[in-house]
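Shared chain: subunit A. Partners: subunit B in the first complex, subunit C in the second.
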Partner chain A sequence: MFEQIHEQTLLLLPFGDIVHYLSGYTVILAAFAVMFLLLALVSLPERPIDIVFGTDGYYIKEIPVDIMKFQRFMALACGISTIGAITTGDIFNFTLFAIFIGILNIGIVAAVENKHVLDAAFSYGLVVMMATIPLFAGAATIIATCGTLSIGELVDTDATPLIAKLLILIGVFGEGMAPFYIGKTEITRAPGAPYILMIHVSSLLLFLRTIEIFLTV
Partner chain B sequence: MIEIPLAMPQIYTIGIAIAFFTIIIAFSSILQEKDDIHKMIIIDLVEITGLVVIALIATDLAEALILPGLVVGIAEIMAISELWLAKENLQQKHSAKKLDIEVMKTAPPIIGAMLTTYGIFLTGFSGGLIAALGLMIYFFGKNVDVPFAKIENAAGYAWALWIIAFLIFMFIPSQWFLATMLAAVGIMLKVMAKMSLVGTMRGAE
Partner chain C sequence: METFHLWGTDMIEFLLLLIIAVFTGLLLHGLHRKIIARIQCRPGPPIWQEVLHTLKFSFKQTWIPRTASQVMYVTIVLIAVGIWIAALWVIWSGANLLILFALYMLHKIIEHGTGLSSGSPYTKFGAIRSVMSAAAELPLLATIAIVYLFCGTLSIGEIAQFQIEINKPMILSAFPAAISLYLIILSKAHYGPFTIIEAKELVSGYWTEHFGGWRALLNIAMGLKTVVLLSTFVLLFIGAVPWWMMTILMLILMISISFVCATTPMLTPYQAVTVQTIWTIIVVIYATVALVVSSAEGIFV
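Entry: the complex of A and B
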């Protein structure tokens, strides 16, 4: 078990046949996620300032405390599920964390009262809903063919069907949209910088972890 | 007697083909639909047909993925419909007009109490469902304030009961009967709290 990742495994945390692990690659991703989690925990949201042309006047967008608290909670939950997706050793848990990240990404911007942001979040939410099924279908195909969902065991069997990997990849595209940030540009008009950043960080890290899983399994 | 001349594997293959066909139909309808709320409903439909595919993979373990699929789907549709309400500015802000129906004051507590007692007597998942139905009928009546916070508390304690039962199963297996009873009561309370809360949600407070 773990021939490929054993060489550079830094941490193993076995729960029965499911072994959570950190390799040299994922430890960097996890560190990145922890860094942004702490950033979201300690910092206050930035306030966008618009300078009025021709004068020296400016508008400042205040963020109400209740919205700030909600965004912070969602961002922290998003960071924690990102760390979960990075460290987990189980395909099913990975799909669940991916779906969490999808829902929480909408949650971060859901309280913002800006029509463009809400429009974008709604369309993105529809994609998230659609992406749930390929993720679960991929996990179901893996367990139907290989009889296990543990990444460590799947390395041994070396029989993960390509179609399952593709299904999970489509699902991750939908949840995180990692290479296709363009679909979420409108969302980032929402004020509240360190929390909004968590949307990008989580989808990027989720995608990088997916690559790791596909190269390992 | 009608005999179907097909072996089970063939039936599953045909079923998967039909399910994929329905998925294609559902997706093509998304392309044509322009209205947001209709899109959302159609996507829910796509999700259900996707779950049919998972069901037709036909391993017990794979089928265990259907339940999380359903739960996650419901959570997502609730979140996104809230978002849609906020987006379209449709949250109810003014209070409703009142009808004076006498029977709404008397009947719901009686029926609710009967159903809840029967549910508690049944315990387990189905008992929780029936008790939740009783509570919902009770909350449906007039002059009732729904104690949301208390119900949420009860759900929390039920969860704790469930975990305790789980730990007993793990560490003191000889006490399995106690653990079963704890788990049954726990899941009854949990389902009851969840269902009655979902059933009585009346928009943003």
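Entry: the complex of A and C
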């Protein structure tokens, strides 16, 4: 299965026993992460139009510069974490990046002064925090049973317990995939399109990377 | 096993296929609109209407709305076209099914980004509904798992040729997975029961504010998307068939989808998500049972 998904390893970047790598599959994910990271870096936010209720009038909202800068910083950090999660060859680092993405997703909307958005972010934050438990439990189970967290070595041993993989999968679902994403839907109402989009980008790419890990180790 | 290619082998032939795919996709959409209209006792537009639309939009005045996030407004359109060209490449070369799944998932980001970038409340609601209907993508993953279980490979080319070799299309042995992919195609069809992201109460939903050349490019992406999804269905569940058979099967699929769209009311966002989630659960149960049976008896792979 590993050979089928990876086809060929395009890049290996060892840091001690932790090896970062890019395969034919993950290079596509990484390219997308970089693309949306650059988009968040160079794009200015939109100016949302709101209709004045009961009239024909409308007004254009401007996003304050300080909020925009905060959102952009969080979005860039989220993008970098996503690239980290995609390229890492270590299960523990992957879980750390996944949790980091969850927290940064809340950070992107944390400065928005909108009660509905902040309420949704709070609810989503609770799920994100709870999802750390299965994520770390999955990684702990793998190190306890296999003696390593390196994806490359786990592929060779082919002894990763299914329960550990399922725990990691549940944890990633909790970081923003179905069926826990409804709170996330609400937080995407916040203004700041290039930054808000990073919330969605990071979750989807994280999920796609998890599928690869699930099928290979 | 010789190398699989949908049609032709070199780059020139792929470019030709790309052009044919764009026109075929737009014509299929025209057919889709025509069938819906005829069922609803309307004359409907001519079948080549979507081709005419795309040509018309290509030559209309094009600019960027004052309220838009300008770089994103333009880039997201180019990414949309890029994604579906890449998806066509994956199908053409018979590459990994998981890459196709990734590209399909990334289309969700396109819908979201297109809707958010303009600043319009209509497009924004379309974008939010797109995030909400993320459950629609999970049946596709279950489909891929089931296909792997039966064929023992994720290569589209090998899956397609495997069915021809054993002379048994997978639609017979993995029918729930075929329904699952059919629902995915249905959820992306215009005027369908699950098309909440471009519902009429939102004007045109997530792409309301993309006009002129941008709309023409999005139409091209839409045409490619239709061809890619329909041909994926044929390759995964019928097998590697000659091009004329592929065209006939794609037509049959499109007509059946048009019938469903014409006779089914559009669901509310809540109903759409509920149906998709329930179907995901059913397919996951089916996949689990298939996995257990295959492990116990070793009958599949």
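Keep this in mind: the second predicted complex is superposed on the first by the 197 of 217 C-alpha atoms of A that agree within 3 Å, B and C clash if a C-alpha of one lies under 4 Å from a C-alpha of the other, contacts with A are read in each partner's own complex, and residues count from 1 in each chain.
Rule of thumb we're sticking to: a residue touches a chain if its C-beta (ideal position, glycine included) is under 8 Å from a C-beta of that chain, and two chains touch if they have at least 3 such contacts.
These numbers come from a predicted model, not from an experiment.
Legend: residue contacts after superposition of the two complexes on their common chain; A:Ala144 is shown touching subunit B, with no touch to subunit C.
Shared-chain residue A:Pro45: touches subunit C; no touch with subunit B. Of the two partner chains placed by superposition, only subunit B is touched by A:Phe136; subunit C is not.
Within the superposed three-chain model, A:Pro161 lies out of touch with both subunit B and subunit C [touch as defined at top].
Legend: residue contacts after superposition of the two complexes on their common chain; A:Ile211 is shown touching subunit C, with no touch to subunit B. Of the two partner chains placed around the shared chain by superposition, subunit B is the only one that A:Ile106 touches, whereas subunit C remains out of contact. Applying the stated contact rule after C-alpha superposition, one finds that A:Gly125 touches subunit B and leaves subunit C untouched. Common to the subunit B and subunit C contact sets on subunit A is no residue at all.
Those residues of subunit A that touch subunit B in the shared complex are 92, 96, 99, 102-103, 106-107, 110, 113, 115, 118-119, 121-122, 125-126, 128-130, 132-134, 136-137, 139-141, 143-144, 147.
Residue ranges on subunit A touching subunit C, taken from their complex, read 1, 4-5, 7, 24-25, 28-29, 32, 35-36, 39, 42-51, 60, 177-179, 181-182, 184-185, 188-189, 193-194, 196-197, 200-201, 204, 207-208, 211-212, 215. Of all residues in subunit B, those touching subunit A in their complex are 36, 39-40, 43-44, 46-47, 50-51, 53-54, 57-59, 61-62, 65, 68-69, 72-73, 75-77, 79-80, 82-84, 86-87. For subunit C in complex with subunit A, the residues that touch the partner chain are 66-73, 75, 79, 86, 96, 98-99, 101-103, 105-106, 108-109, 112-113, 116-121, 124, 127-128, 131-132, 134-135, 137-138, 141, 153-155, 277, 280.
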